[in-house]
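Across the two complexes that follow, chain A remains constant while its partner is chain B and subsequently chain C.
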Partner chain A sequence: MHRYIPNTEADERLMLDSIGAQSIEDLFTDIPKNLQLDRDLDLPQPMSELELSTHMKELSKKNKNIEDLVCFLGAGAYDHYIPSIVKHLAMRSEFYTAYTPYQPEISQGTLQAIFEYQTMICNLTGMEVSNASMYDGATACVEAAMMTIESTRRNSIVVSSTVHPEVRKVIKSYMRFRDVKVLEVDMAGGVTDLEKLKSLIDKDTAGVIIQNPNFFGIIEDLAEVEKITHENKSLLINYVDPISLGILKSPSEYGADIVVGEGQSLGNSLNFGGPYLGFMATTSKLMRKMPGRIVGQSNDVDGKRAFVLTLQAREQHIRRYKATSNICSNQGLNALMAAIYMTTLGKKGLREVAMQCVQKAHYAMDKITESGKFKPLFNKPFFKEFAITSSIEAEKINNELLNHNILGGYQLEKVYPELKNGLLLCVTEKRTKEQIDKLAQVLEVI
Partner chain B sequence: MKEYNKLIFEISKEGRKAYSLPPCDVEEIELTSMIPDSFLIDEDVELPEVSEVDVIRHYTNLSNKNYGVDTGFYPLGSCTMKYNPKINEDMAALTGFANIHPYQPEETVQGALELMYNLDRMLAEITGMERVTLQPAAGAHGEMTGLMIIKAYHESRGDKKRNKIIVPDSAHGTNPASAAVVGFEIIEIESDKNGAVDLEKLKSVLSDEVAGLMLTNPSTLGLFEKNIKEIADLVHEAGGLLYYDGANANAIMGIARPGDMGFDVIHLNLHKTFSTPHGGGGPGSGPVGVRKDLVKFLPVPVLEKVGDKYVLDYDRPDSIGKVKSFYGHFGVAVKAYSYILSMGAEGLKKVSQKAVLNANYIMNKLKEHYYLPIDQICKHEFVLGGLKDNENHVSTLDVAKRLLDFGYHPPTVYFPLIVSEAIMIEPTETESVETLDGFIDTMIRIAQEAKENPEMLKTAPHNTPVRRIDEAKAARNLILKWDKNNQ
Partner chain C sequence: MEVRNDLYYSNDHEWVSVEGNKAYVGITDFAQHSLGEIVYVELPEVGDELSAGDVFSVIESVKAASDSYMPVSGKIIEVNEELSDSPQLINEDPYGNWIVVVEMSDKSELDDLMNAEQYEEFCSKED
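Up next, the complex of A and B:
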């Protein structure tokens, strides 16, 4: 018997008798004999819990984690502090072993948590409506792009090359199969080249995608982008770092039509890239074009406040064959963690985390570039990430840092060949002065 | 437990806090000297101000209004709500897995890459495929990825007019939606009276414009497509590919493999078949497997083993590109990998055998009391068509809502669309005969109540945290966030 399968052989006998079958094999006679596997699957022998645990711990130790290393790596996945209570609450099994809240009477926990999450995302972005979350930042951005296509009935997307390279890659794969044109705007000095943007945008442009702070950590001039975009009757999609919104003006103040982003920073572990959550918020005007789930408030037959999935008479249900999105789930547990994180930090805490990031990142930049061996790659206001350059290859720098148990930056040359030797460093509130000083010191002697 | 009905914003009080951060230890400079004032907010973001105890109580109270697999029986058809082993959660939370950055140098994440590589191979063995990508985030995302691969395959052959996908009317709603978002036209074919693919109808729609057929096997009725080999031959002869929706893979592990049936592209749901929790709606994971000549189209990166080193291969010119950031839901993959290692080949076969036994056991006992449209051996699930002799017009919804009063999560209702008043029951293998008997007795009691006291059902549920909710009002009078000025 296996620990996860309760029915014994005696149970099985009784059950077969009740069905009127001789053996378990009788229940599989509908599968043609020649399709039945005539051998055992070639898999390792089953492990006891102890064996599994030992094996997995050994495997996990083949990785160096960010507790072994001091992490200055960001580039879309961030080492922010996660308060202890986030995991304690998210690991309540009533939350994580539940399905999608299709039976609202016994899912008020999930539903209310999503409703509160939606509220927090709206407050964070300044937008009017948020959905219940999406797979990740990149897929949320693609879905936003599709919303602009649907809404404007135009057929091309303009994306800045300062948008995260993975996000751009995902957009390209999706759009290749939808025959949507994707145009990239070059950058100038680490920000979107506004002249190039003006020259690329035309009557086919449905949406313009700008990341802020951008991939290099730099704060873009959104006021100007907004003007160019809306004058052309295109829609503005803003891809944002939620932590930055603790101090930076919300996208709605710049007139963004859709705001998306990677929500990992909000209380989710790095997990080697996933699961994370994408968030998406928009205006009331575009609300009905928004994909994914949304929770609304109503009441039950006794008049008691209650929450329920709403706006469901959309894609999945009435437009099976003309769907513009096939999303029918959210990142429930990740959104819950994000909500608990935002609740725990609250009004003051989010600001404090953002402030510490800015202060420490600027301290690091000053310290590292002090002697002149390393120079800022760009000279623009930044949030928690900044790019440096030197005469030394970025890979060599990272290898040397690793020897000192420091996880170095993102090697920009990988995606921006023109930025040879460029290294993108990230400094969150978790880094101490001592760690930053050590980084600067090691860099100095490479 | 006393009733709790507050939103987190309603218990917020200025000055309270639930976090603590070390003091900023670098020399602080004026914010506006770093970032121009015009980029900065004037007012702090409106988030709750609560103490740590407030947060704990709030979410604990919310969790008490939820129902999970750990709470009780969850026979939600097509969703495979099996027990989620706790050790798997522990393994995914190991710091060596949970706290690694996706852009770390390969040599510092060899354990993670080894795990992904092995899981890819294991899932390929279970399904009879050549290779598997772990990148898709969920079942629907897997479908979309698989269809992109099918499209890329035809295009690579210069076969550009194949713009149609065939989907049976019994399919999951995501099938046609996924095909539509990849730019396909959808041809729906009606199932035969046994809910199977109608071969004649299939033949009549096959042409050189068909890119492929999407099929769930066992079907959404819980029935194995006996003619699968013939179906595969027909589609292949017409130049199309066969896509396997893995939602129902829990019925066939170690018994039959989609690859051997003739499927070319498949997806699996790790959150169904491989025991990873549903998380109240996600994260899922929808790995996609392909036959040998389609491997080159898989999303980048593909895991490769070079000597005894694991590497991420991005240099794949025929790849469809990326469908998601990084490498998929690694944290979910760790749990599925732990599950497969716990079960082994023998265990996985047992899983499917017992899942099928449990489903047939319930079906056999309920068919006297509920209408069973297709009375034959089922696989891991079966579909009832509402109450038998239903003079009081008690609906399937009423039955489902009444089940809530007895502490059960209801089955999937009103799906598949081809059975009216459908009740789709999937017990899974992790339930004991005692649990099944308790559920059967309750279903019979409800059928009895439908005759004797139909009002009891029509007004159900009676003892849940909230009762039936006015969904029309929610959609008409949209309140999608809490607004302090509107209370």
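Up next, the complex of A and C:
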């Protein structure tokens, strides 16, 4: 008997006999012969627990992580500081579960945490209602697009090419199966080309998606986009970096109808690309089209405050195929971390983080472009990311930086072939003057 | 189940009350009873022009979301805003609470609808 598999041979025999099978192999007779592997798996010899953990540790050392490197990479996933209280609270066993329990009878703590998360997302975006979170920024954006289609009964989505390329990819894969047209607006000088937007938008346009700050870190002219969008009776989807809302005008002030974004930067680690959380907030007018869970505040039979899932008629178990979405879960633990992060920082703290990002990013840009070897790719106001260009290939630069334990920028040429040698750098509040100076110094001698 | 004599009825359980060229449209007692407790009524926009058979409203109850179809073609000239805050009014008095008022574009479509007697028989088969 194996120590982790409690069935004895006698147990096995008994189970096989009771279903009338001769052997374990018999259980696979339904699988065609040509698909069956006619030999044992090619596995190394068993290891002891000690040997195995040593082996795994050695493998993991091949990865270089954010503790080993100084990170100037952003492009959607950000190395912000996470106060230690976030993990201490989120890892408590009362919260740390594989699945979010939603039953109000047993889950008041979880529901209250989600309610607080929703409240803070509303405060941050200025919107009236938030859901309990979505899988990630990209899927939140797709769900927002579907809301606009449901709500306007139109069937095309206009998205700026300054929206994160991976987000655009996800939008396209979803919409392909919904017979929804996705039109991309070209950019001009690092921002959405407003003339192109005007020429693309028409009576079929359900929603317009703009990222702000955009993929290049640049602040878009949202006031103008809002006018163009709403004059056409389309809905405005704003994809935002939540940290930027510490200093930027809130999307609701710009008249956004739906605000979505990647919530990773709110107290969540980089996690090798996931799990993350998408956030979504909207107006009370669109509330009933919003997918996902929403926690509301109510009173129990004794008149005490209680939290419950609310507006469930939106969801697929009641609305069935008429529901906007099949999503009926949330990223509970990630949303919890975001909530603890926002609570810890408060309004002032978040503003401070955002201010430091802006100031350090601008210092870095000035320092790097000082000698003229590197030039700004665009001359536009930016938040914590900026693009540079030079006569040197971006890949070569990154390899050289890695030799100095610096994680370089995002190679723009990968998705924007016209931006040859373009490198997108990110500077968060975690970077020190010394680290930035070192970056500039290494760049100067490449 | 209550059926009123002075109304027209559709297969989809909408009632129509006619006043000149205007049609008041709601859902029947049978419909509200099958839906159960109504929690939300999604209203169309005033000015929407819809054909008979088009969806003009979605009514959500605690157990289902159900489309309501235009019994006659025409332009929506009024919607019952009271239902946004008090959707349960339809449960309480389905014939006293219309959902939309339609300016009919083809009054002859009324001939395709049922009278009270026909509707009562129709419902007895649905049960």
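Here is the rule we go by: the second predicted complex is superposed on the first by the 382 of 446 C-alpha atoms of A that agree within 3 Å, B and C clash if a C-alpha of one lies under 4 Å from a C-alpha of the other, contacts with A are read in each partner's own complex, and residues count from 1 in each chain.
As a working rule, contacts are C-beta pairs under 8 Å (C-beta built on N, C-alpha and C of every residue); 3 or more make two chains touch, one makes a residue touch a chain.
Everything quoted here is computed from the prediction, not taken from an experiment.
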item	value
Chain B versus chain C as contact partner of A:L235, first or second or both or neither	neither
Touched partner set for A:K322, first chain B, second chain C, both or neither	both
Chain B versus chain C as contact partner of A:I243, first or second or both or neither	neither
Partner chain in contact with A:L286 - chain B first, chain C second, else both or neither	neither
Contacts of A:G296 with chain B and chain C, given as first, second, both or neither	first
More chain A residues in contact [chain B versus chain C]	B
Chain B/chain C common contact set on chain A	313, 319-320, 322-323
Chain C to chain A touching residues, read off their complex	39-40, 42, 58, 60-65, 67
Chain A residues touching chain C - in the complex, by the definition given at the top	288, 313-314, 318-320, 322-323
